[in-house]
Amino acid sequence: MPQEILDSLEEQVNPKHTALIIVDPQGDFCADDGAMSRMGKDISRMQGAVQRLNPFIQRARETGLKIVWTRSIAVPDKARPSYRARDIVREAIAKGIAFVKEGSYGADWYSEIIKPLPDEYIITKCHYDAFEDTDLDLILSSGGIKTLLLTGFVANVCVETLARRGYIKGYYIVLVSDCTDSFTEREFRSTVYNIENYFGRVATSAEIMNIWESMAKSAH
Amino acid sequence: MPQEILDSLEEQVNPKHTALIIVDPQGDFCADDGAMSRMGKDISRMQGAVQRLNPFIQRARETGLKIVWTRSIAVPDKARPSYRARDIVREAIAKGIAFVKEGSYGADWYSEIIKPLPDEYIITKCHYDAFEDTDLDLILSSGGIKTLLLTGFVANVCVETLARRGYIKGYYIVLVSDCTDSFTEREFRSTVYNIENYFGRVATSAEIMNIWESMAKSAH
Amino acid sequence: MPQEILDSLEEQVNPKHTALIIVDPQGDFCADDGAMSRMGKDISRMQGAVQRLNPFIQRARETGLKIVWTRSIAVPDKARPSYRARDIVREAIAKGIAFVKEGSYGADWYSEIIKPLPDEYIITKCHYDAFEDTDLDLILSSGGIKTLLLTGFVANVCVETLARRGYIKGYYIVLVSDCTDSFTEREFRSTVYNIENYFGRVATSAEIMNIWESMAKSAH
Amino acid sequence: MPQEILDSLEEQVNPKHTALIIVDPQGDFCADDGAMSRMGKDISRMQGAVQRLNPFIQRARETGLKIVWTRSIAVPDKARPSYRARDIVREAIAKGIAFVKEGSYGADWYSEIIKPLPDEYIITKCHYDAFEDTDLDLILSSGGIKTLLLTGFVANVCVETLARRGYIKGYYIVLVSDCTDSFTEREFRSTVYNIENYFGRVATSAEIMNIWESMAKSAH
């Protein structure tokens, strides 16, 4: 029997089978003195998204979602050749900027984001794809998860890679558009466009929290 | 011993370890009477890219590259739930448009593109990711391939998915920018931006053919 | 919510979520004049299993199971280095024995086994693992399959590899012990032991057909 | 260009591209008061293998091999349904035996085995397959590893699963026959048979150390 299809946003974000994924909310992507800021990127957009992400995480906790945090770490001997050949890696090295280096300030969680609780999952990844070389799929499939709420950074890099890969694996993808961002509006918009047209859905945190609230009321 | 890193475009596109990937040059994506055109998309950009892709395929053959063609086929019982829930699939069904259906005109190779030779590889995929559920990696790794020249359609969907996945797997990614396209300039530009900043390199077919020509000369 | 666990054989082999997998019933593994026989292996055990497998396939068809056939094909340019280094490959080459070569008698279905129907799936694999480099998981997961009934050849090679891999992927594994075999009793027994202790369950075709019959009766 | 094939044991175990994998040398598999011993298994064979494994690890370190340790941990919410349905899991629960539980004595390294050094890799796995849901392949492929020397426990379960999976991925497999074992001779022999006939090679630690010694001499 083919699996049942969940058509509506309401069905897809049912807390029973939905996980919140918080991608790489680390100092190097968000902080004023993080690596990206020092390489000239505008991180104010990330800082704004964190302000909206914090209450969404709180509500997801109250609603009982499975919560998964990812963190990027650059490890020289866990890098396939194509990774080490990238310009951004060479540029950072040339400027003497250590990027998401284990143990550094920039690899740590960004100071303004609320922190993982002991029963939440933390995935360490050494590249852009949180599914590859990690136990993310094991955690999700063991828990009967069907839908991924995607938040965090950077929208058009690690978040969109996760959306594309998760969609192919069969997960329903919902980009929480006000809880993620890119360094520019243009990059952010391309991710929104690609996901809503090809890889899943886009919704705001308010829309999703409203659905959860309605569900909780109708359950009484 | 860590693997040797190929830094320059010259090293990366060496015919000894480079494959040309031609993504989904099918009627439904390129032809005037294909599904995408009938759904209102502008396919003239694709038709232009095919004119530049044809001589590039010829040169790649003369240069001895491994050549892999992919084709998309929609098969109802080879579709994970997330695939069947997408709006584009429902919209096509609602309009009575059969999309890349096996045996149909639209699933066949686009009339204006040169056709695969018997010793070239054809990958049939039932979703956007030519690596998942196929033997693409087996073909490439068995042949000692390190670099993928990406061409074909649609740039921001199947081509960019291939770029992201291939990069994570360790292949050097080179988007051949004049031999691929999207339905709009904006979508195309986002793929060019993402690949050149994060997943590999972007080069024109002329640049790559010049490198091959120089190599051939210096080999004499 | 963690997924429901199916404890009993009855629950696991429910036709609604069970697929029959028939591994490599090809001439080279089963026929008197196939490659294995010519390399000195005793294929009479396989021939006996085919006699019991045929009625089991018929019953699985009547019961409405999803049915997947696999076939091995040796393709020189679809072989990773470790494959080509094996003694058995070199020995066959040295003896001038072409092994599961596309288009040959030995690669074709064994003459005594009933043949696939048009709506059944055929997986071509170039090594021992029917999950790797194929769309087997796509077919199974799209169809809501939870349990794999494993039959065919060779028990301790391709069948046990499938059992181990399928188990790790989360499928319930049931080896149909009288519908598979190895070249010797000892090899066959080691597979039965490993699967029933570590990777799933072992049952006879009669036990499974009895369960299906009871289910059909109680459904009236 | 197809990849070069390494035919001989000498070529395959060249330290430049060889990793030593030490599978699950934990108290629950090896210690007198570990879980397996308490469930009635004979762990004396494991204890003997550890005596031979210790000097082999030392020599591998002196020879400069990449060294990877794996450890099994049972985590209830990192277990796909098929895992939780197994008899051995239920039996342990029924007997009140906690099996490889994080933080327990039995999950820790076995007291008699030498311990990992800070620059060696530790893979934590929640099932039998050290490649699935881990970064083992990332570590190996980043380091240019072609050959896996397999040691540790249990030979016919986690070690053979690793051999089968590693072989399919393209690694040369060498089972170090005196540095691994099963609870019985029969189980151990089936693994030796399967690996040497189908998935790679079998050699003793002495044979391999002799090759390394000859290489070192001829390098002077």
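The first chain written gets the first letter, and so on, giving A, B, C and D; residue counts start at 1 in each chain.
In the analysis below, a residue touches a chain if its C-beta (ideal position, glycine included) is under 8 Å from a C-beta of that chain, and two chains touch if they have at least 3 such contacts.
Since the model is a prediction, treat every value here as computed from it, not as a measurement.
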item: Common touching chains of chain B and chain A; value: C, D
item: Chain whose average C-alpha position is farthest from chain C's own; value: A
item: Pair joined by more contacting C-beta pairs (B-D or C-D); value: C-D
item: Centre distance in Å when chain A and chain D are each reduced to the mean of their C-alpha atoms; value: 34
item: Between chain B and chain D, centroid-to-centroid distance (C-alpha), Å; value: 40
item: Centre-of-Cα separation between chain D and chain C, whole angstrom; value: 27
item: For chain B, residues that touch 2 or more chains besides their own; value: 2-3, 77, 80, 132, 141-143, 170
item: Residue ranges of chain A touching chain B (in the complex, touch as defined); value: 2-7, 12, 77, 80-88, 127-129, 132, 146, 156-157, 160-161, 164-165, 167-173, 186-187, 190, 193-194, 197-198, 200
item: Contact set on chain A toward chain C in their complex; value: 1-3, 16-17, 141-144, 170
item: Residues of chain A touching chain D in the complex; value: 77-80, 126, 132-135, 137-139, 141-143
